[in-house]
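Order as written gives the chain letters A, B and C; numbering starts at 1 within each chain.
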Amino acid sequence: MRDFRIVYLAIAIILFCIPFTGEYPTYLTGLALLFGISALALNVLLGYTGLLSFGNALFFGAGAYTVGLLIKHYDIAAIEILFPASIATSFAVAVAVGFICVRHTRIYFTMLTIALASLFYALAHKLRPITGGDDGIRIYDTYLFGREIASVTEFYYLILVFFFASILVLRIILKSPFGLTLQAIRDSEMRARFAGISITKYRLGSFIVSGVFTGMAGALYALFLGQISPDDVLGLTRSGEFVAMTILGGFTSFTGPVVGAFVFTYLKAFVSSALIYWYMVAGIIIIGVVLFVPLGIMGEIERRLLWRR
Amino acid sequence: MIPQIINGLIFASILFLVAAGLTIIFGILRVVNFSHGSFYLLGIYIAYSITRFSQDPVLYLASPFIAGALAGAVGMAFERGLLSRVYGRGELFELLLTYGMIFVFIDVFRIGWGTMPISDPTITFKLGTVSIAGYLMPLYNLYLITIAAILALVLWYLLFKTRVGMIIRATSFDKEVTSSFGVNVNRVYVLTFFLGCFLAGFGGGLMLPVTGAWIGLDIDMLILGLVVVVVGGLGSIKGALVASLLIGLVRSFGISMFPAIELAIVYVIMIAVLIVKPSGLFGGVEH
Amino acid sequence: MEILKTEGLKKYFGEVHAVDGVSLEIKDGEFVSVVGPNGSGKTTLVNLISGALLPDSGIIYFEGRDITKLPAHQRVKLGIGRSFQIPMVYEFLSSLDNILVSILSRNGYSNIFHRTVDKFEEERKEAMELLNTFSIPLKLVAELPHGHRKLLDVAMALALQPRLVLLDEPTAGISLEERDQVMGTIVEVLKDRKIAAVIVEHDMDIVAEYSDRILVMHDGKIMKEGGKEILEDEEVRRILIGD
């Protein structure tokens, strides 16, 4: 365990130093951190509860649009208000949507998450007077405790703090009896029920945890980019990216989704700048991982480490 | 009223072709084919390419069949070459494989047919219009509805009145038992995938003169197909038919009455159905 | 005083009358065996009592309370535990965690921020003791052989400290030599904690040795009940051997 701590510390130091390398790497790493949290949150459902959500953009979008709509319609520019508001919204959305979804499992659950995310996507798209339609919303002039936050670096550190806090909190949640119970439900719903566990209650809990963290990431994303649109934050492709990142990094590992998010984000930026066919590459990566590295990067590494012992 | 109904029926026809394919593939292979919308889009693009050769109306009318057959062939290749390699590893991987295909298709479309939307309504003009209850309707639209209805009948006959259909349905109930009767289950899988993708490609081909194609339509169609399948009940063809009609007509009337939220209405219907009947209108038990 | 009582329980699967009017009473701390040929409805009966299935008709009382419509997990909370004919275990958790889930659930720890699982020392010790009692190695369950899974399933039920436990063929798949010892251990735990037990069992030597009472099931009905002498009954023997 000791040696892992050193690795974590090194990563933390590197992340802290990223802004000294320039604006673009900072921007890219900021995105990777946000997607890392989103993928981690997705994996609360996928890896820990055994539910594949293809609609987590719903929460990402709920967080992002809370920020956008409050700024657009109410001129609220204080991040210390916007952020809790986003948490509240994504919590409410997760509860409402969760009530419909958690009665279902497997493919039914997956299809429902898609359909419900599509509902919100359609609303954001069509309710132009409120949401700005597909032009989306521009977000600017935001303040944190009276101080204007504008530069990429400032947002980056905001994201970084949030990133570490999320990892810590999610780690605690997943190591708690609640987290253990989720894994039990994942492995045998039947057994868990006869251990006296209310399956729907725990599934709903898992859904809410996933939703709230994804929603927070979405809120930061809106602030960070200064621009949101339905396709970007609510589309099926956004949900799918969270899944792809999680699988790429490894859904059997706690850190896997973060690793996947980093690899995916950097690769996407690199490939799309060098080659126009990013989609093809993304598709081949997903197919390749499924066929050849189903445990993902971290899952594979952990498996090898375990074998060596 | 009449135009809305006709438009609704067109939409329902296409939804049915797409959803029937999805639901048949799910019924037999227990895989939800996320690339199903891409096969639909492939159908439109293929029909477009075919009709570049000549302006002959017969070729236009034949193009959906060719598009369907080619889409089906691509589907077979995908099933044999990739999908079959992850059978038994759980639906997560099967699903992801078909999801990955969406992206491969997107760039195939961009490389093959460019990034701009395509359309070709020539056949609509050539066939002219007919008057129904005082409304002028493109004859092609009636042709489309008729041919989809005929295909639905053929499908019903194929599945419920022929030996092949019996084998397919038996496989969907219990593949172990079926294979113990000497049926080659793998062949049933390929055939089913062909059939499902044929229907999607065929539906796409039919829509070339009506909507044309653009990248993004694949995902739109996938989602609508999923909604129809969920509302109708996974694996139920009858459900797909009823739900297609329901959603096709609701959407058509929705567009004329509440243009801002027509799509949202579709999803609300789905949620309502699922709250009242979680397994869908004609779904059996879940799992 | 009886802990469990059923009246006219029925469960039909189409034409199959899996459980067809079963009325029974189980007393506090009693050890009751259910025997009968395959397909006679033993597992279905266990499913009805535990709440895995709802009966078509009939009533189930647990400690005098009507639980016929109560969801399964709430029956567990009242004190009904069960194991499964085909062991149900958490494949990707350790054997210790498998048992820990039951213990944490029993003690009502569902809170996210309570503390991390490794801080529950009492509970871990208790789980470890159960593992030792049944000689189950501390391992990832996916790596355990069938026999150990079977025992783990039973241990998970016992970890709930139920008032009544329903064990569906707990010794199936366990080698002949080990059976007696395994059953001995189970019975010891049952007596120790004063747990009433309904056990579905095929091994008649075990049934004869441990049962306070035996129920013979046939075609969904309780055909005969009594002490171990009924195993010598002509009709009972014919049914059981005809199996």
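Basically, a residue touches a chain if its C-beta (ideal position, glycine included) is under 8 Å from a C-beta of that chain, and two chains touch if they have at least 3 such contacts.
The model shown is predicted, which means the values in this text are computed figures rather than measured ones.
Undergrad: Determine the shortest chain-contact distance, in steps, between subunit B and subunit C.
TA: So the least number of steps between the two chains is 2.
Undergrad: Where centres are the averaged C-alpha coordinates, which chain has the largest centre distance to subunit A?
TA: C
Undergrad: Any idea how many Å lie between the Cα centroids of subunit B and subunit C?
TA: Using C-alpha averages as centres, the distance is 49 Å.
Undergrad: Rounded to the nearest whole Å, what is the centre-to-centre distance of subunit A and subunit C, using the mean of the C-alpha atoms as each centre?
TA: 42
Undergrad: How far is the middle of subunit A from the middle of subunit B, if each middle is the mean of its Cα atoms, in Å?
TA: Distance between chain centres: 32 Å.
Undergrad: Residues of subunit C touching subunit A in their complex?
TA: Touching subunit A from subunit C are residues 50, 52, 71-74, 76-77, 81-82, 84, 88-93, 97-98, 100-102, 104-106, 109-118, 120, 153, 156-157, 160.
Undergrad: For the complex, give me every residue of subunit A touching subunit C.
TA: 172-173, 175-181, 183-184, 186-188, 190-199, 201-202, 205, 209, 252
Undergrad: What part of subunit B is in contact with subunit A in the complex they form?
TA: 26, 32, 82, 85-86, 89, 91-93, 95-97, 99-108, 110-111, 219, 222-223, 226-227, 229-230, 234, 260-264, 267-268, 270-271, 274-275, 278, 286-287
Undergrad: Would you mind writing out the residues of subunit A in touch with subunit B in their complex?
TA: Those in contact with subunit B are residues 46, 52, 54, 100, 103-108, 110-112, 114-116, 118-119, 122-123, 125-128, 235-237, 240, 243-244, 247, 276-277, 279-280, 282-287, 289-291, 294.
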